[in-house]
Each structure stands twice: as structure tokens, then as C-alpha cells.
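The structure appears below as C-alpha cells.
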């Protein structure tokens, strides 16, 4: 069995692979997006997160920042003078609200941007009836309504943190959160699970986006 | 001439290559889809099939499960504790109904999902008049109507098996079967032929999907 | 300066690279499409062309067939028992009608299929006003109307050959020919020029297809 | 710290990487597009620019042309008999109007072509309300209206140069300029910043193009 440290290192490697894969698909353009894992096996809880402004097509493990659960930098795997993104606070909100989560992925895609804009005045985007919903943890049938909470975008991260806390409490079984005309947050008990949720949700956003665009 | 075993090994290799290629195109997101080949040259008929829940971007020959024609695991090429997907039963139905089939590909794509949803209340999706129809085995002209049987999606695999058996009997010359808002099953006398059918059908689904979306 | 033979070999290499590149973009699905170069420097005129039914993602120089200007096989670079496609006759028609042409590319794409279907009853597809038109040989301004002749698809290659001969005479400055719901033929004085024409025309087909679909 | 020469060489390398990356995405089809960096650290100001007619999928540092700020060729890194594109004059206009710019990227994409055509009679394309706007230098909120000046296309580069000069003065904080049915010019204080602007703008053009096509 892997030691806690080697498991953490392997999760960090997979997080970076996932970030570069997202970049290659056009899902984190213009240095957008951010990605983190949570380490719970050491003496204190920590998260490892991509720094602000980094081209996600180039992310490697030594670029990640280590911060504590208050968002304070602890150390850095590498030596660059990078700093945490303002969105680090949303990762922390998410990790607190979802104790089982070990990885968070945040992407800006054409289809999540379009769908979040189309549902602008709603509090969530409903998605129902598709087999691929079974890619979401705990969902075992296509006869499921996934309600993806939708928050109004703002640059006030205190407001956004509070709204996200409330949305995660209200939509207690949601697998992702949309920020309007901004992007998606999704998570999992491992990077692999978070990525499975990402693939399922983005597939569904494209299907729903194209269906609505066709007026059917 | 290749020995039966080396032919089987080469088909298994090509099946895994095809699975990874499908993943790269976004056709089996979130560990969806499954892929199999049938071995008919040994003492007993067997199928080799991808296990449940595996990321199809990573499939390698030792991940495949060997099951008999009743769906019982015989042995496994590798050592992982994987188990057959519930959809293994549909592969078996297909192999029984199409004795010449040696390979089956099952994918979830944006366009097959959209088209199957648009034809929701129909028993098949008709596609006619395109040159690329000649990519389907036995079709030698674009003046052909391919009727792709469409089944309502359900999690009851007994019901689905019965419906697929009936559809394959009724649409005796079909090259694929659609499950509504779920995905496509297609097959061939080799992995290469199954892949040719997959490429032809998915191309046509995209063309028809875009044509209908444009209202023309 | 390169010897005639080394120039030919280099064109054949580039043709195969172009075929595999087209496959990777989804432009020759299901073993569709075909590609040729003309050798004019030897004792007799010859063309080298991809054989029928080959997966274009795998084409290599030794797969090509050498045929004379009557379409008769002369020899083959490799040893496979491949035979010329029925569409070889259209390549010969094109080389006769365009003496300067040294390479021909024939692809089936989603957008050329859709656009050719939309213009079904017309004799050509007009494209005007785009800067990228300058990618077509001899066009030096966006204020140009490119008329791409459009032929009805048929499996009767004698009829198709006659229609293509007439279209190439009538549209004497055309850079490509569309077959309805089938695909595009384009050509150039080298593989590089043919590929430039292909890229320009397919870009324009997508732009026009999306513009018309949007109803604007 | 890097010497001026090694910084320049590294920018030239990154410019070529960016050009090939644009080609792979279909953003500079048919030898279209052009790319440059400005050297300001030597005895005289110079720009290094891709030559006319080159396949951008193959650009390497020795293909670039060195020209002075009047557009006169100074020397060439390699030995090919290439010549500057007519659009070199627009790069010079841009460098004069934006003294901080060190790199310029010019691409022809499906979505910038469609959006520039749709806004045909306007003097700029407005884009507002998207988080990804923060990928543009100096923009710190989604509550920003980016006005991308739009010029009518012409083959008269004197006219175009004058119009671009005026547009850059009027839209003093713009991050890009569109030429109608032609393409986008964008720039940055480094190749990386220019590429970030390119990614942000093209993402937004696609989102706006799809939103308008859907009639919403």
C-alpha cells in the first residue's frame, strides 16, 4: 500500500496532468482556472493549489502552492515567487462544506459559460434524463435530476464565499457549482473522481447547450 | 498466416487502441463506454471486454476481462479486481444476434446523444442520401436508407436485452443500435470494421444533428 | 536542385503526411477519401494514388498504387494486393482538365457535406468577401467570388466523369469541385498548394455553413 | 538575469511555438496569419516577423525576417529568399501606436471571421460581462465592456494603416483589432501576454458567436 506521502505525490502529479489536459481542450484559456488537492494525512490539513496567473498548459508539481485551511501560504514546492489566487478562498469553502473532497477542479469552458448565461436568473441549472449522469458519484440511473447551483458572478470573494457555502448546504448532493458567465467548480474524493465529474458535467453542458440553441 | 492466438492478441491490442482513440475524441467521457472482442477459435467461445468504471483513456490489454457466453468471468488477463459492467449482457445479446460479429464498440457522444433525444418517440433514426453510408459493410450506394434502431433507455438490463434482441431481428441489416440519451452500439467482423462503422455512423449523426438544428 | 525522382519521392511522402493529417481532423472517416500525385518527369505520365478501402490514418508511401493515365495499374510501391478505387477515374479527369495540377486531395467533411446538401439544387456554391480566399492560387483580393461547382452524386462514374469534365471547363478558374452530400476535390501544382487550397476551402465551408445555420 | 540577446532569442522561440500552436488549432489556415516580436534592446529598433506565404505549422526561428521600423529588410536569420508580407506595415503601425508592445499575433479563425461579419456595419464589437475578460491586461473585473475596434477589410494597406492608427488612438485601451471577414490583431508586452490576450479574445468571440447564433 502507498504511504501517505507517496499517495499525495501521486495525486499532485495527476492534478497537474489534469490541468494540462484541460488546457489542451481549451477549458482554461488565458491562464484561467485553478486546481487543488487536499492533504489530510499529515500533522495538519493543507491544500496544494495552482498559483495565480500561471499558464495551465505548463503546470508542474513544483509550481503548486501549499496553504493552510485559512488560506495562508505554508511553503512552496518550488522556488518561484508565485502567490495564491483570490479564488483559493472558494476552494477552502468547498473543502469545508464537502469533508470527503480531496481534489477540486475549476474550469472556464465555452459551454459552461453559455449555459450559465442562458440560465442567468435561475438559482440552479437542471439536467435530467441522460445516461452519462451515472458518471456522477452516487447516481445510479439516468432518471435523475442533477441540479447544478448557479451563483451570480462577483469580484467580492467574501460575498461569493458566503453564497457558495449556502448553495452547498442547500444543494447538499450537488456535484458541481456554476458561476454565471465564469465557470464550473467540481470536486471528488480523488483527482480521478473529480475529473470523472468534470467530464460528465461538461459533456452534459455541451449537450444541453446545443439542444437549447437548436430550440428543441 | 497468423495463428488463432496471435490474431486474437492483435485484435485485443487494436481494441484497446480504439478505446483510447475514442477517449481522446471525447466519445467515452467519465469512464463511460465499453468495448469487446469475441474469440471463436479456442475450445470454447469467449469474449474479452473492458471492465466497469475504467477510464477508457488508459485501457490496456491486461485490463480486459474474459467471460463466457453466459457472462460468467473465466479469467482475467491481468490481476486487478475488476468486474464486468452490467452492459456486458448487451454485448452477449449482440454477439448471439450477429454471429459474424467479432468486435463491439459502445460510445457516448454529444451527437448520438442529441440525435437519439430528438427522435425520442421513434423506433429508429433514418439516415439517407450520403456517400459516407458506403462506409457501412454491404452498402454500395448513397441511395440507401440506413435505419438505426432506437431503444428507450432503462436501467433494467433484462428489458434492454429483450428489446435489443427484438430490434436486431426486426432491423436485420442494421449496423448499429442507439439507446435514447445514452449512446451507440456498433460492431464488425473485426475491430477495424467495427471502427469503420463507428466513424461512418458518428459522422452521419453529426451531419444530421447539425442539419436538423439549422432547421433545414 | 532535387532530381526528378527525389522530388517525386518527397511529394509522395508529403501526400501521405497530408492524408494522415486529414484523418486526424476527421476529414476522411471510415476509409473514405483518396489522394494522389502525378509524376510527369519520367518516360511516361503516371499517377500514384491511395488504394480503395484503406484507413487514411495509416497511409504510408508503400501503400500507394501506380497507375497510367488510362487508370491501368502499372506497379505498386509495396506488396499488398490493393486495387485502385473507382474514384481513380475522377482523378484522371481532373489531371487532364488541369494540366498544371500535380496533386489531388479528396475529402469528406461534416461542413462540405452540409453545405453541398444545402445548395442541393444549384450548380455551384458561391463564396465571396473573405480574406482567406487569398489562400487560393491567383486570388489576390477578398473582393472575389469563388464559385465551387457542385455535381449531383451518383455511383455511375462514367456520368460523374463527364459531369466533372464539363464543370471544370465551365468553371475554368475553380479551385475545387463539390459532390453533393459526398465531398470535395481540390488540387494544386504541388501537395503543399493542394493542401493550402484544401485548408482555405474547408475553412470557408465551415464559416458559410455556420453563417447560414444561424439564419444570417 | 537573461541578456538582451538571450531574451530576444527566447521570445523568438516562443513566437514560433505560438504560431505552430495556432496552426494546430486551425487559426491560421492556408498560410494565413503572421506573427512578430520587437527588439528594443539593440542599437536600433527592429522587428522579427514571419515571411509571406509560409505554412505556419512549420515556422521555425530561422524563417523570420528582420526589418527596421520603416519595414525595410535588414537581414534574415536563415537563408531562404523570403519576403515580408504586405501586412508587415500593420505590425509597424501597431508597434508605433502601442510603445509597450513587444509581440503581435494575427490570426484568421472561424469565430472571429463570423463575428466580424455579423457586426459588419459597426465600428467595434462590444463584449461585456464575462469573467474571462480578466485575461486582458489591466482588466480586473467581469463588469467591463471590451470594445474591439472593427475595420472594413481592404487590400489597400495605406488606407488600412491609416484606419488602424485612428482606431488605436480612439480605442486607446483596446487589446485587439478586428478586420472584417479577415481576422484579429492582438499584442502584448511579451509573447506570453499576447498569447493570453489571443486566448481570451478568441474564447469570447466563440461564446458571443454561439450566443448570437442561438438567437439569445
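In this document, chain identifiers A, B, C and D correspond to the written order of the chains, with residue numbering beginning at 1 in each.
Just so we're on the same page, contacts are C-beta pairs under 8 Å (C-beta built on N, C-alpha and C of every residue); 3 or more make two chains touch, one makes a residue touch a chain.
Since we're looking at a predicted model, the values are computed, not measured.
K.L.:
Would you mind checking the shortest number of contact hops between subunit B and subunit D?
P.N.:
2
K.L.:
Measuring between Cα centroids, what's the chain most distant from subunit D?
P.N.:
Using the mean of the C-alpha atoms as each chain's centre, the farthest one from subunit D is B.
K.L.:
Which integer distance in Å separates the CA centroid of subunit A from that of subunit B?
P.N.:
Averaging C-alpha atoms per chain gives centres 32 Å apart.
K.L.:
Where the centres are mean C-alpha positions, what is the separation of subunit A from subunit C, in Å?
P.N.:
Each chain's C-alpha centroid was found; their separation is 45 Å.
K.L.:
Check each residue of subunit C and list the ones that touch at least two other chains.
P.N.:
213, 215
K.L.:
All pairs of touching chains, please: list them by chain label.
P.N.:
Every touching chain pair, ordered by label, is A-B, A-D, B-C, C-D.
K.L.:
Can you name the residues of subunit A that touch subunit B in the complex?
P.N.:
Per the touch definition, subunit A meets subunit B at residues 129-132, 134-135, 140-143, 192, 196-197, 199-200, 202-203, 206-207, 210-211, 213-216.
K.L.:
If you look only at subunit C, which of its residues touch subunit B in the complex?
P.N.:
Interface residues on subunit C, with respect to subunit B: 26, 29-32, 55, 108, 110, 113-114, 117-118, 153, 155, 179, 181-183, 209, 212-213, 215.
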